[in-house]
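In structure tokens below, several structures.
You will see two complexes here that share chain A, one where it goes with chain B and one where it goes with chain C.
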Partner chain A sequence: MTIRTDLPYLRARSLRAAQPAPPAPAVSPSPDLADVAGSVAEQPSASLDLSAPVVPSPAQPPSASLDLSAPSAPAAPAVSASLDLGDSAPPTPPAGTPPAGTSLTLFDETPATPPGGTSLSLDAPSQAPAAPSRSPHGHTRTADHGLGLPTINAGERRPMTENEPVVELTRMQSAAGGLDAKVAVSNPSEVILGLVFETGDSRESLVLPGLSQQGPDPRRPIFRATTSGVAVNLRRITDIHRLVLFAVPTRPSKQLPGGTVTVTTYGESRLEIPLVAGPTLGAQALLTGYVVEGRLVLRAEHDPYSGTLQQICAAYGYREISWRDPYTPLV
Partner chain B sequence: MSPMAKGANIALQRELPDLQGVVFGVDWDTGGERVLDDNLTLLTILVGQNGMALSPDHVVYFNQLVSADLSTAQLQQALGGDDAQVEVELTAVPDDVSRIVFAIYLSEGSGSSRNLGQLKRLVVRLLNLDGGASIISSVDLAEGLSAETALKLAELYRLGGQWKLRVLGVGYSSGLHGLAQEFGVSL
Partner chain C sequence: MRGQAQARFESATQAVADPSGDSVASLLRKNQSLILEINSSAGDLPTIGVVLARAVTDTVREVLTSGDADRLDIGVRVAINGTLTDYLPGSIRAYVGAMRAAGPGGVDGTAATDALVEQLTTLRRSVEQLAQASRERDLQSLQVHGRFLEDKFGESELNL
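On to the complex of A and B.
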């Protein structure tokens, strides 16, 4: 396999959605209908597709922004990883336009729930949330969009399969203690875990054992390398925008060992992500996380493609990082 | 008025019949210990008759600043000399809330181990929400602390249709786990 520099990763991700389309649901899906649940072709009812679009528009570059604003005008769906929580009418796609990309729209429209399954659509309920009321002294709560994603109980363990790749942590789970990611393989020295992240003030950086032990601020780190993986200090959840957990093989052959990566919450909920043995181009994305209205939404990527670390970061929308070489960030 | 000792209580509306709301403030001195500063966390729990949090939406903290009923709200930035503050509109507290418990805990996500025994000083005080006048303050609750990682500071509770405040100073060595277990907060 040769290393390509033309972002083959992102383009390849779009091929998944180019498989035969599922039967059209009774209700037209949102243009940004996202399917976090896995293969659209195999699980048409488990909608919420984070995969790349079928027909990317060159005029609309991919973005991993988490847009909480309302769109100013209807437009063709952007190739975006945005998570739009806007309350206004959704953009209407041209007829025949396939569902676009990695957007997690929470528009107020009728949920597109194909028959025969549990929708994991992030579309907001058909009725808009009630306008925030106000207490006599002015206390208000922002509208709370029910994401309707699978949750996890304290002490529960949950394999994050291709069919059930997403877990939404509660506000308390997203804020209590830390999130610990550890690798469980027969020879732990064969793989290291790292995190690439974007903070609430739009800083992008990495934590990678041996290179950058903690970040973004070494004096008050949010993310840090541990003896067996990486950890996120959730006391700082309000400063986190998004993250990607990745694995880097340490063998010269860049072969990943088979095993499992566990992500554990303060309440001992354990998410299990398979680590698939095989050759890589240097790094393998495992898990993405977005903070949505105070809740951490985690998705096991089950990404069939590896890449250099630089390619992985770029493919998941982290483009503000400088590099010494395709494997070594400048941190 | 002299500072309230642990276990002492005061009938708020007997002293201030027109009291509509209060500000609960916590003032701590970490002695410049940054890990303590960064991880001390105020938690306010609206408790029902069964002694448990009314719902997950009735727990107020940095990631959920306002209770579901809007009666209780933590300030993002405390005013005056306090390090953390919570406003409680007493008249807006639902009838099924029998007490409101204020606690602090040390978040354990930083990877550094600390305890509340390292605090130099810990004082709570109550202000009138209308105007900010001081109502009462506590003695130094840091005295006697050692390996505790969470502490119930005080509680507002109803008695005979009136609101009272009791200073607690009851510690846990199990941190947030202990608090969550006592009040049925799911982690």
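On to the complex of A and C.
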């Protein structure tokens, strides 16, 4: 009920706000409305009271700006702000009393103004280098660190020995086509390859033949694993953060056959990683890849240690993967 | 198992017999354990940090396995020992600690990454120059780079 009376009251109030106040007491069917009319009549005065503090407030941002310039030229009206900021301007004459009251309210706001002052003095030089450098075409260009690592030409073969374990692909090689890893051993069924990876949005997962063939998202896979090898779709290099290529022996004795793992790029560059024959604990890390500013840096690990798949993943910092057992990830 | 225990016993006794640990064999072991540490903290490091840190360990390994590794100057071995046990792990641990303290999405790690990249780049360049000086038996350059590493990354004498 009260709500229903409120609604016509609001309508009447809006009408009277649009009209001048004097007709409002003339129309007074009920004492409630008369009270309402009185309150409405008071509202302009209240708004006038509100406007009174509002008026000095636009005047004070200039005073704050005057405070910033106060060390150079102390201005007369800036009393409170000058007290806030420095001892340099105490001899300034006192201003009018109503601004003094509003200046007390501004005194609480002054913590908001010093950041502005410091932004004028200090942040501007710090923000200037923080802005990413822009190319003449307006694209943001990431920082470019020359890594000074060995590169590889198109069509070149490179055995990744222990003394030369690193190859840095160029941006073109890192972004075109794909990366194919295959095993060259006498009996290809004795070993399978898999990839554990972290994507750009910090998700870690794993592809392994027979377990999860495609990742991270089967609808838009970047990594594929089949029994003949693994492939990385480099068109989505920007979604890749890092990866590890590992070999898993399929024999029950977990004996790894000797041979070579080849990794080919789109330009038919071929990296050759030796596969050392010997017993393992279930998996052997072969190659790591890190995407640095759009370039893929590949390194043959020549890891002297093998381990279960879980241990291998943990040793290379992939700890966000859950496991059914030490050999089987939960993907 | 017995062989492993024996090897562990031998390495322990060797560590006791060689407390300074700057023989070439023990430096190679330290290099290997540093590689393990870098790899296992790769999830917390930026990729460029991992790549640069591994470049440092590559250079160290190259020096330690070169033909005249047995005749390495004591200054080189001390500098490499400091790099492997103090300077490089210190940079990495400081970064990882800062990132973990900030929490996920806490701060933009650009400044910390820049500092890490700058430190690792400096470290790598100094170690490479040290290796080159060692190859060329350039004693003065050797001393200069060893002292530079010590001053830049070692404990400052002014620290209280």
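Quick note on the criterion: the second predicted complex is superposed on the first by the 189 of 331 C-alpha atoms of A that agree within 3 Å, B and C clash if a C-alpha of one lies under 4 Å from a C-alpha of the other, contacts with A are read in each partner's own complex, and residues count from 1 in each chain.
Note that in this section contacts are C-beta pairs under 8 Å (C-beta built on N, C-alpha and C of every residue); 3 or more make two chains touch, one makes a residue touch a chain.
The structure presented is a predicted model; accordingly, all values stated were derived computationally and were not measured.
Student: First (chain B), second (chain C), both or neither: which does A:R219 touch?
Tutor: First partner only, chain B.
Student: Regarding the shared-chain residue A:H241, is it in contact with chain B (first), chain C (second), both, or neither?
Tutor: Only chain C; A:H241 stays clear of chain B.
Student: Mind working out whether A:N163 is in touch with chain B, chain C, both or neither, as first, second, both or neither?
Tutor: Only chain C; A:N163 stays clear of chain B.
Student: With the two complexes superposed on chain A, say which partner A:I152 touches: chain B (first), chain C (second), both, or neither.
Tutor: A:I152 contacts neither chain B nor chain C.
Student: If you stack the two complexes on chain A, which partner ends up touching A:V297: first (chain B), second (chain C), both, or neither?
Tutor: A:V297 contacts chain C only, not chain B.
Student: In the superposed arrangement, does A:A283 touch chain B (first), chain C (second), both or neither?
Tutor: neither
Student: One more residue to check, A:L193. First (chain B), second (chain C), both or neither?
Tutor: After superposition on chain A, A:L193 lies in contact with neither partner.
Student: Please indicate which partner A:L271 is in contact with in the superposed arrangement: first for chain B, second for chain C, both, or neither.
Tutor: Neither partner.
Student: Have a look at where A:A175 lands relative to chain B and chain C in the superposition and call it first, second, both or neither.
Tutor: In the superposed model, A:A175 contacts chain B only, not chain C.
Student: Return the chain, chain B or chain C, that is in touch with more residues of chain A.
Tutor: B
Student: Any idea which chain A residues touch chain B in the complex?
Tutor: Touching chain B from chain A are residues 133-137, 139-141, 153-154, 170-179, 219-221, 224, 226, 231-235, 237-238, 265-268, 294.
Student: Over in the complex, which chain A residues touch chain C? Could you list them?
Tutor: Against chain C, the touching part of chain A is residues 145, 147-149, 163, 165-166, 198, 204, 241-242, 288, 290-293, 297, 299, 304, 314-320.
Student: Once bound in the complex, which stretches of chain B touch chain A?
Tutor: Within the complex, chain B touches chain A at residues 20-21, 34, 38-39, 41, 56, 59, 61-64, 66, 68, 70-73, 87, 89, 91-92, 107-111, 129, 176-177, 180, 185-187.
Student: Write out the stretch or stretches of chain C touching chain A in their complex.
Tutor: So the residues of chain C touching chain A come out as 32, 36, 39-44, 47-48, 50-52, 54-55, 58, 62, 65, 117, 121.
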